[in-house]
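Working notes, structure below.
To keep things simple, chains are lettered A, B, C and D as they appear, and every chain counts its residues starting from 1.
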Amino acid sequence: MEAFSDGVLAIIITIMILEIKVPVSSEFISLKPLLPIVLSYVLSFIYIGIYWNNHHHMMHTLKHVTGDILWANLHLLFWLSLIPFVTGWIGENEFAKAPMVLYGIILLMAAIAYFILQRRIIRNQGTGSILSKAIGKDVKGKISPVLYLAAIGLCWISTWISGILYVIVAVMWIVPDKRIEVIFRSEEFK
Amino acid sequence: MEAFSDGVLAIIITIMILEIKVPVSSEFISLKPLLPIVLSYVLSFIYIGIYWNNHHHMMHTLKHVTGDILWANLHLLFWLSLIPFVTGWIGENEFAKAPMVLYGIILLMAAIAYFILQRRIIRNQGTGSILSKAIGKDVKGKISPVLYLAAIGLCWISTWISGILYVIVAVMWIVPDKRIEVIFRSEEFK
Amino acid sequence: MEAFSDGVLAIIITIMILEIKVPVSSEFISLKPLLPIVLSYVLSFIYIGIYWNNHHHMMHTLKHVTGDILWANLHLLFWLSLIPFVTGWIGENEFAKAPMVLYGIILLMAAIAYFILQRRIIRNQGTGSILSKAIGKDVKGKISPVLYLAAIGLCWISTWISGILYVIVAVMWIVPDKRIEVIFRSEEFK
Amino acid sequence: MEAFSDGVLAIIITIMILEIKVPVSSEFISLKPLLPIVLSYVLSFIYIGIYWNNHHHMMHTLKHVTGDILWANLHLLFWLSLIPFVTGWIGENEFAKAPMVLYGIILLMAAIAYFILQRRIIRNQGTGSILSKAIGKDVKGKISPVLYLAAIGLCWISTWISGILYVIVAVMWIVPDKRIEVIFRSEEFK
């Protein structure tokens, strides 16, 4: 299951580059309209990177795969697969309202899908679940949807604030979580 | 063989998103014409998910790979590789007759290709084949082609009914098959 | 090395489908101009399948990877990566002369690249090379380039004959080579 | 982590072919304008090949993955993911100044990202790091950024010289480094 998920995430993260169309002119100035596209690409690249990173860790705690975990996983991949589309829409419209709202909705749905997948795996592992220990109170997992919702709502006031919120959530996830790494390592997690 | 098949299925499921073209306008209303494209994407995403799921289980029962199994596998991947094309055609023509018929034909050919691959693997495993035990009477495998044929014929009456039939087949396969999972698990299948 | 090559071959075989553009019309008749594109897709799909199949077997005989084998492998992947391009060119020009010639040239270069890779691996394995035993006199490997050259030359007379030659070479490789499979299996090759 | 990186590199190296658009005409002459595109494709194919090759070796020296290594790796993949875009820009503008400068900048950033990743892994392996031994003084790694910088500057004088410099760096990396292979092999590196 991990090979397939890794493949899908690798493709999602890479085909986004196809949204950055080669400019017709050969002048430096022709790169300027590409700036919002590149910025939205960078943000989505980081988001997919975060999901890949966390997904990868989570999958390694998995003992055996059941049908409901498979479908919870595909459900997550579905929402993530929409990110290249919405990223292209944002980039080509310079962070306009509708694309920014849709971006938040897709991130929210992906977060919910990730949460469902996580619950299924923990339930499957029973008491003493290593994943359950690793995520602890899962503060980040609980704050993120709230911030996405806030960002969606704030699009009607200022898409800048929404954009900053999306960046904050990403940064929050990149900052390493020493405690979790320690648990994973102590459990002979490679 | 599984790495290659997983790769092809991962690419098929992901490049379908390239059919959802980024709208020029930045208004919410510009998403409306994308609705049939997204709907057909969801259905095809589920179908590829089902094939990946079943294919994955089947491959794990495989002891050694022979030339005819390799080609039966490529034959299946060929028909599945046409799904992004026909999905795009359906989406851009709002479930018109010809695309809906072609969708049924490709699903039918994929089902036949899957059946052939299954027969080859069972023959290769000889008596007491774990795959043979796992699929049992293979009721779903036998009903699906009949429903595809019905859906193809009904396109001339109502593409709605055909669409509903395609959804029914997908749902039929998603619903977990407890008995099979038990067999796989009892055989120390990971 | 195999994971990377499998990935590249999986992508090559799948992105060819992107050359089959979704028709604007929703009528069956709109599929007719796609026929040559689909035919050239089928042929190239089979060729990539053959290369994947043989490559896969060859890689399994490999004990350790050296720099020159890595580059011989990338050289092969380079020529195969051009197949989607030339397949699209053939399909959109209904088997015209120039695309058919280029198809032959690329197949010829891929065959040469495959031959070089094979020599490097055999040399690396030293005397008693399992690969050397498996390919024996390598009759197919020696006939194929001759047939490609003939097909290229015959394009100036009839692209039909060339096309038939390309099909013949493909069929020649699909037909299983019982003797090789026996050798691989007897060597505990999985 | 390697499966994901291999997947991303395999996709990057392969989607570049999508930049080589199928010509409308079926004449040989219609291939002529494609020549700069093919040339830039060949160069970038080799660069990605070099990165894959070195990355692959480096990853095999890795004992356990930490958060900072994961992100250093994604950082490298980010810069490499921009190569198909800039390659297409170069090819369609026949080696004009701006695209050639951007090519150098992206190669430079990728080299820096690779250097950072390397430092993180060495630090992680502690004293007696196999990677540290394998790269030695890392002469190539230190010369390359200097040559990229030179090539970027020289674009204002002659893009030909810059192009030749990019080729020289690539050739420098392809030429096998016997000493390194010996170290890797002596450490039972497979």
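Just so we're on the same page, contacts are C-beta pairs under 8 Å (C-beta built on N, C-alpha and C of every residue); 3 or more make two chains touch, one makes a residue touch a chain.
Treat the numbers as computed from the prediction; the structure is a model and nothing was measured.
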item: Numbering shared by both copies at the subunit C-subunit B contact, with half separating same from different; value: different
item: Rigid-body rotation angle, subunit D and subunit A, from Cα fit (steps of 5°); value: 90
item: Centre distance in Å when subunit A and subunit B are each reduced to the mean of their C-alpha atoms; value: 27
item: Length of the line joining the C-alpha centres of subunit A and subunit C, rounded to whole Å; value: 38
item: Per-residue multi-chain contacts in subunit A, two or more chains; value: 3, 7, 10-11, 15, 18
item: Sites on subunit B touched by subunit A in the complex; value: 2-3, 6-7, 9-11, 13-15, 17-18, 20, 22-24, 26-28, 30-31, 42, 45-46, 49, 52-53, 56, 174, 176-177, 181, 185, 190
item: Footprint of subunit C on subunit B - complex, ascending; value: 1, 3-4, 7-8, 10-12, 15, 18-19, 64, 66-68, 70-71, 74, 77-78, 81-82, 84-85, 88-89, 92-93, 96-99, 101-102
